[in-house]
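Both complexes below contain chain A, partnered by chain B and then by chain C.
Right after this comes the complex of A and B.
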């Protein structure tokens, strides 16, 4: 890999950047879920590993969150962009070399950032916990180069139109850069008080809404038509999805602060806009599920389709939950409880992760031209992820409802802690299943690269029968 | 971009995103700008200092260059006894808080009084300053720069107050951020409930000048905004931080014994492994009483943290 850093762009095999991003993302996924399971264990058993500052919950929690968001999710996105954008433009990636530099600089910056967070050097602002020098690094050396590669590939495409997926990629890379720069203004210019609090959540909300959600959806717009061979059900609905994401999803940041003394009009506005996010959500889910028409057998038979469709199906409860939990009538009950943690994992570990996993499976097999090493391991991975996640989600949702009841009746807090304990243990078990599944996945992809059956030119991985 | 549609599309995209940012950033900023600092906000920004998260004055969040909150019982200049008063000491080199650097942040009458009566613009980071929160006859609060109005120097104020009356609350808030207390404890009682147990929710102007606000979003433990009013016992805090299960067997809070540092108040080395072993015996029922929690040293981190918690009134 290092030899490509100085090589001429033409000499770098196409797809290299995507492969490196792919493996790097899987590795971060293993690390991130390992940390998640560790944190879950700490919440279930407070005396598990004690007395060491750097292994305490308060130091590890943000490392987990940032490892999964900027390591796993965002690198899997980059991986998808590196192979899907050129494929849809019928061309090559604008610069493989930039892509490779991007992987390296990304991993250096992220490792540095996580170390710094781990040592407790934090801005103290949720989701923008990184100190400002890391934020600047991320914008300059991670997202801007990624964006340039995507935009230039699209501009140099050899097709006439631009396919849905690529609108999303181009727009989301642009938006995430804006969000990073604007959302961190409190750190760059030392803004304080409510401005600081509100911008913190403006950042958090928009990283989710203008980066994670649209890119994950865009990936599904590629994988499902590509693997099933069906054309996308409707381009128009794709348009509706795109524009409603930009218009509705960028506005309800204040719904994260419904109980803070923000201007009331802002909270009401956010509440209404939040319900309108159901427009892109329904557009997306219906478009993908209708594209499946006539190919539902692949939901059972094909791993990538199964992951993607499961992810899409999870988008339904996710967005229903989102839409109603942020109305004032509901939010006071579940705000700040385990319900929100369950919602966050339904979004990131459920919905978006399942879509990305499919893209990484598909991409690595296609670029390496090797069929998946072991379908059994792939299936085990799927079920461990699904069962682990479901355990997590169900247990935290119940815990959240208990907490909510305790909250509104002002039950002594310790009774809430006692009541939640079994669910904390269940969450830890669920998390450990996810982590185990990911270890299998890493092994499986590694073996695929080494010994997977070679796929002949012009064939899709799933068209080949298994030899093993 | 070849197609006219894409040109139009890009413009609409800019319009949509720009419009969204106008509504969600620009418009609220007008409202929030007009929020005047309350007395709480003045007190809070003066004791917490300019920034409790990462900043160049304190890059490792070790509590460098932080102000002190002291209780004065005598006039630091004359030594005459006086009505006990809280003063905020900014030693030379400590960055001044937002409201002093940008009086607009205080807003309205507080800004005017602080500038005219309080002479806050004369405060200088390179010299150091002492501040007070005062009220005029009409109960309008403002900040006074006591260094300018009365000639109180940071050194004299610290000496007069003495260590026992000095609160390292700002360094403590840094620890609150660094140790991630806010991942479980919120600093925001909710408007719809929480009044009885956790106390009144904050008012609109209570945060001016504070950074980070660290509201917290995933509550797994009691709200702490007014904890100092509920429980002001240093001894309880000490036991609780060393091992929360000493005072609350069902607590899931981590132990913060490492904040004691290597030695106790008498300079004796703390034997953590021995303590843990004895505690385990106690837990298994082999001991009647838990081991003694060592008294913390004056300059230990735990002292700062306890000072901070007790400042949250």
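Right after this comes the complex of A and C.
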């Protein structure tokens, strides 16, 4: 990889940046879920690893969250962009060299950021915990180079139109830069009080709404038509999805602060916008499921389709929860409980992760021209991820309901802690299953690169999945 | 060899995927309904052990909503798989 840093762009093999991003993303997924399982063990067994400040839950939680969001999720997005954007434009990536530099600088910056978090240097703002110099680094050396590569590839495309996926990619890479710079203004200018609170949640909401959700959906718009061979059911619904994300998802940050002394009109506006998030959600899920028409055999046979459609199914409860949990009546009950933790994992570990995993499986096999080393390991990965996540999500949702009821009934806090202890153990078991599955995945993809059967020219990886 | 139906091959997907999808929707429905109906006496909060699954308690009712919605979505997926199987795997 290092030899490409100073090589001429034309001497770098096509797809190199995507491959490096892919393996880097999987490695961060293993690290991130390992940290998550460690944290869950600390909640399940309070005497587990005590006395070391940098391994305390407060430090480790931030490291887990940022390793998963900026290591796994965002690098898997970058991997998908590096191979899907040129494929849809019938061209090459604008600059493989910039892509390779992007991977290197990304990992250096992220490692530095996680290290400072680990040792207690934090802004203390949830989801934007990185201190200001790491935020500037991320915007300058991670997202701007990524955006330039994506935009230039689209500008240099050899197709007349721009497919829905590339609309999302181009817009999301632009929006995430704005989100990073504007959302972190409190750190740059020492803004405090309500302004800081509002911008903190403007950042947190829009990292989800204008980066993670649209890019994950864009990946599914590519994966399902590509693997099934069916054309996308409706480009127009895809455009409805795109514009409704931009309009409805960018404004409801105040619904994270329904109990804060913000202007009431702002909270009401945010709440209505929050419900309107159902518009892009329904557009997306229906578009993907209708694209599957006539190909539902592939849901049970094909790994990439199974991951993607399962992720789409998760988008249904995700958006039903997301749309309604932020209304005043329900937010009063579930705010600040494990429900929210479960909901956040439904978005990141459920919906978006399942779509990204499919893209990484498909992308690495396609670029490396290697058949998956072991379909059995792939299936084990799927089931460990699904069962582990389901165990986690159900236990945390029920624990959240208990906490919420404890809150409104004014039950002594220690009684609530005792009541939810079994669910914390279930949470740890679920998280550990996910971590184990990811270890299998890393091994499987490494062996695919090393010893996978070569895919003949003109064939797709999944066409050979059952051939020996 | 006769190809097995989508429902047979996707049985566990139907169970786990259906329960997960349904329970998510049931959680919102249950929480909304209980917030609308209001709370009962202190002993009805439904937090301790089996009480969380007793449908007459505040928490237990929502948990039952989750389970009922979960089973309903398994049935919906079963019907959908059966119909897609009839369309795709015509003998």
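Convention: the second predicted complex is superposed on the first by the 464 of 468 C-alpha atoms of A that agree within 3 Å, B and C clash if a C-alpha of one lies under 4 Å from a C-alpha of the other, contacts with A are read in each partner's own complex, and residues count from 1 in each chain.
Everything that follows uses one rule, which is that a residue touches a chain if its C-beta (ideal position, glycine included) is under 8 Å from a C-beta of that chain, and two chains touch if they have at least 3 such contacts.
Bear in mind the structure is a predicted one, so any value in this text is a computation, not a measurement.
Note on chain A: of its two partners chain C and chain B, the one contacting more of its residues is B. In the overlay built on the shared chain, the residue A:56 is in contact with chain B alone; chain C does not reach it.
When the shared chain is aligned, chain C comes close enough to touch A:346, but chain B does not.
With both structures placed on the common chain, the touch criterion links A:430 to neither chain B nor chain C. In the superposed model, A:280 makes contact with neither chain B nor chain C. Touch criterion not met for A:36: it reaches neither chain B nor chain C. When the two complexes are overlaid on their common chain A, residue A:402 makes contact with chain C while staying clear of chain B. Contacts of A:294 after superposition: chain C is touched, whereas chain B is not reached. Residue contacts after overlaying the shared chain place A:332 against chain B and chain C alike. In the superposition on chain A, A:320 contacts chain C only, with no contact to chain B.
For the contact definition in use here, the residues of chain A common to its chain B contact set and its chain C contact set are 332, 408. Within the complex, the chain A residues that touch chain B are 42-44, 46-47, 50-53, 56-59, 61-62, 119-126, 131-132, 155, 160-162, 167, 171, 175, 178, 182, 186-187, 190-200, 202, 243, 246-247, 250-251, 253-254, 256-257, 259-263, 266, 269, 332, 335-338, 340-341, 403, 407-408, 410, 412-414, 417-418, 420-421, 424. Within the complex formed with chain C, the residues of chain A that make contact are 294-297, 299-301, 306, 310, 313-314, 316-318, 320-321, 324-325, 329-330, 332-334, 339, 346, 386-387, 390, 393-394, 397-398, 401-402, 404-406, 408-409, 411, 415-416, 419, 422. Within the complex, the chain C residues that touch chain A are 6, 9-10, 13, 16-17, 19-25, 27-28, 31-32, 34-36, 39, 42, 45-49, 52, 58-59, 62-63, 66, 81, 84-85, 87-89.
Against chain A, the residues of chain B that register as touching in their complex are 1-3, 6, 9, 12-13, 16-17, 19-21, 23-25, 27-29, 31-32, 35, 41, 45, 50-54, 59-61, 98, 105, 177-184, 186, 188, 190-194, 196-197, 201-204, 206-222, 244-245, 248, 250-258, 272, 276.
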